[in-house]
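Below: one structure, written as structure tokens.
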């Protein structure tokens, strides 16, 4: 059975091709579309407390799900246009993060990596 | 064999749990982290032409791959915190887009949906 | 005495001109630079509570001030490149907002305009 | 005559106060609203070429002017909530940029500061 992300990649490539939209899908443009979708997600949460953002009603939950879908769509498209293996890059990044944020050092502390003073 | 996104979801959930970071991972906060990563992608392309953005050198290509990974990480985390099936939501969104942008109508024209005049 | 924003507009125009950077300062590119700076602001606040974001220490306060400056710089530059009178547009927008959010209707309620049901 | 930004700051403070919206206007929330507005600017340009983004028709020009206004509104509000002198911070930042990007070094080259190799 093909992996979900691979199937998605091919389906989105086809979606763009039949609409002759590849011409618009430069990585530069796709990064703009991606951040515009990320902002629609942010907009849902901007006036909510953190607690409220955990407890969405069904309508809002559905809207948020579709915003996350839009973000994934442009992430997958951008990776595809640059011949990037998104799943592999993500595995690599998690391995980097495991090095950068050792459990015993960062437990319960979410400061950014650059804010950790060298020992 | 488990799907790539499902495996990723579980691995990231574990990553946060052992660091006691779930307390920071409200959907509100995750949407902020997500858009900050999307902006790092944008930053790579901001002064490039569209053509240049298609032809990255190996070093830049690697950096971009890791930015896309960061975006996917926060997208998956946010969906997980809200019990959203990201792959299903994405399939749903593509079906909506297929209705909204019929091939014969939008071929070669990337205006936003709201900019299409009703017939 | 010249207005602060006008002086700023001219100074930034000069800054770009002597560096031969006008060629990079298309509104498209400037919008990307602007959102990248907005994201650096977001990054400062992403793991803070709302209360913590009101009480920054002196170092963080200074960093945030410089991020806001970067945002203003690109906002002013983008307006200048499009011959937009930024201060007048802002006065117009406030007038629109006063119509859209009548005091008696929205007091203490920050939902987005589109979420208000018609009476 | 009072400076444009100072007048704006007071007017927006009043706008929020009479609506009892200060409670929502934490710097954290304002940074989210700000980036959501920046993304609406980006959206106008995402499928345009750089050349097209310089030549907007009157309707689009007006919409872009109002997006820039929204960005300025939230920038001013965020600075006000943190007691930051936005105009002074911007003058400081320009002075920093003049040091960081000496004319003779960066003429015609817009790479990011971090990409310049030390001599």
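Lettered A, B, C and D in written order, each chain numbered from 1.
Just so we're on the same page, a residue touches a chain if its C-beta (ideal position, glycine included) is under 8 Å from a C-beta of that chain, and two chains touch if they have at least 3 such contacts.
Fair warning: this is a prediction, and the values are worked out from it, not measured in the lab.
Visitor: Equivalent interface to B-D, which of A-D, A-C or C-D, with over half of contact pairs matching by residue number?
Guide: Same contacts by residue number as B-D, out of A-D, A-C or C-D: A-C.
Visitor: If I rank B-C and A-B by number of C-beta contact pairs, which comes first?
Guide: By number of C-beta pairs in contact, A-B is the larger.
Visitor: How many angstrom lie between the CA centroids of chain B and chain C, rounded to a whole number?
Guide: It comes to 25 Å between the two C-alpha centres.
Visitor: As a quick test, compute the distance in whole Å between the mean CA positions of chain A and chain B.
Guide: From the centre of chain A to the centre of chain B is 3 Å.
Visitor: Can you list every residue of chain D that touches 2 or more other chains, as numbers and ranges?
Guide: Within chain D, the residues that touch at least two other chains are 24, 29, 31-32, 35, 38-39, 42-43, 45, 47, 49-50, 110.
Visitor: Give every residue of chain A touching chain C within the complex, in rising order.
Guide: Contacts found on chain A: 31-32, 35, 43, 47, 49-50, 110-112.
Visitor: Report the residues of chain D in contact with chain C in the complex, numbered from low to high.
Guide: Per the touch definition, chain D meets chain C at residues 1, 3-6, 8, 11-12, 15, 18-21, 23-24, 26-29, 31-32, 34-35, 38-39, 41-42, 44-45, 48-54, 56, 61, 64-66, 68-73, 75, 78-79, 81-82, 84-87, 89-90, 92-94, 96-98, 101, 103, 106-108, 110.
Visitor: Any idea which chain B residues touch chain C in the complex?
Guide: 24, 29, 32-33, 35-36, 38-40, 42-43, 45-47
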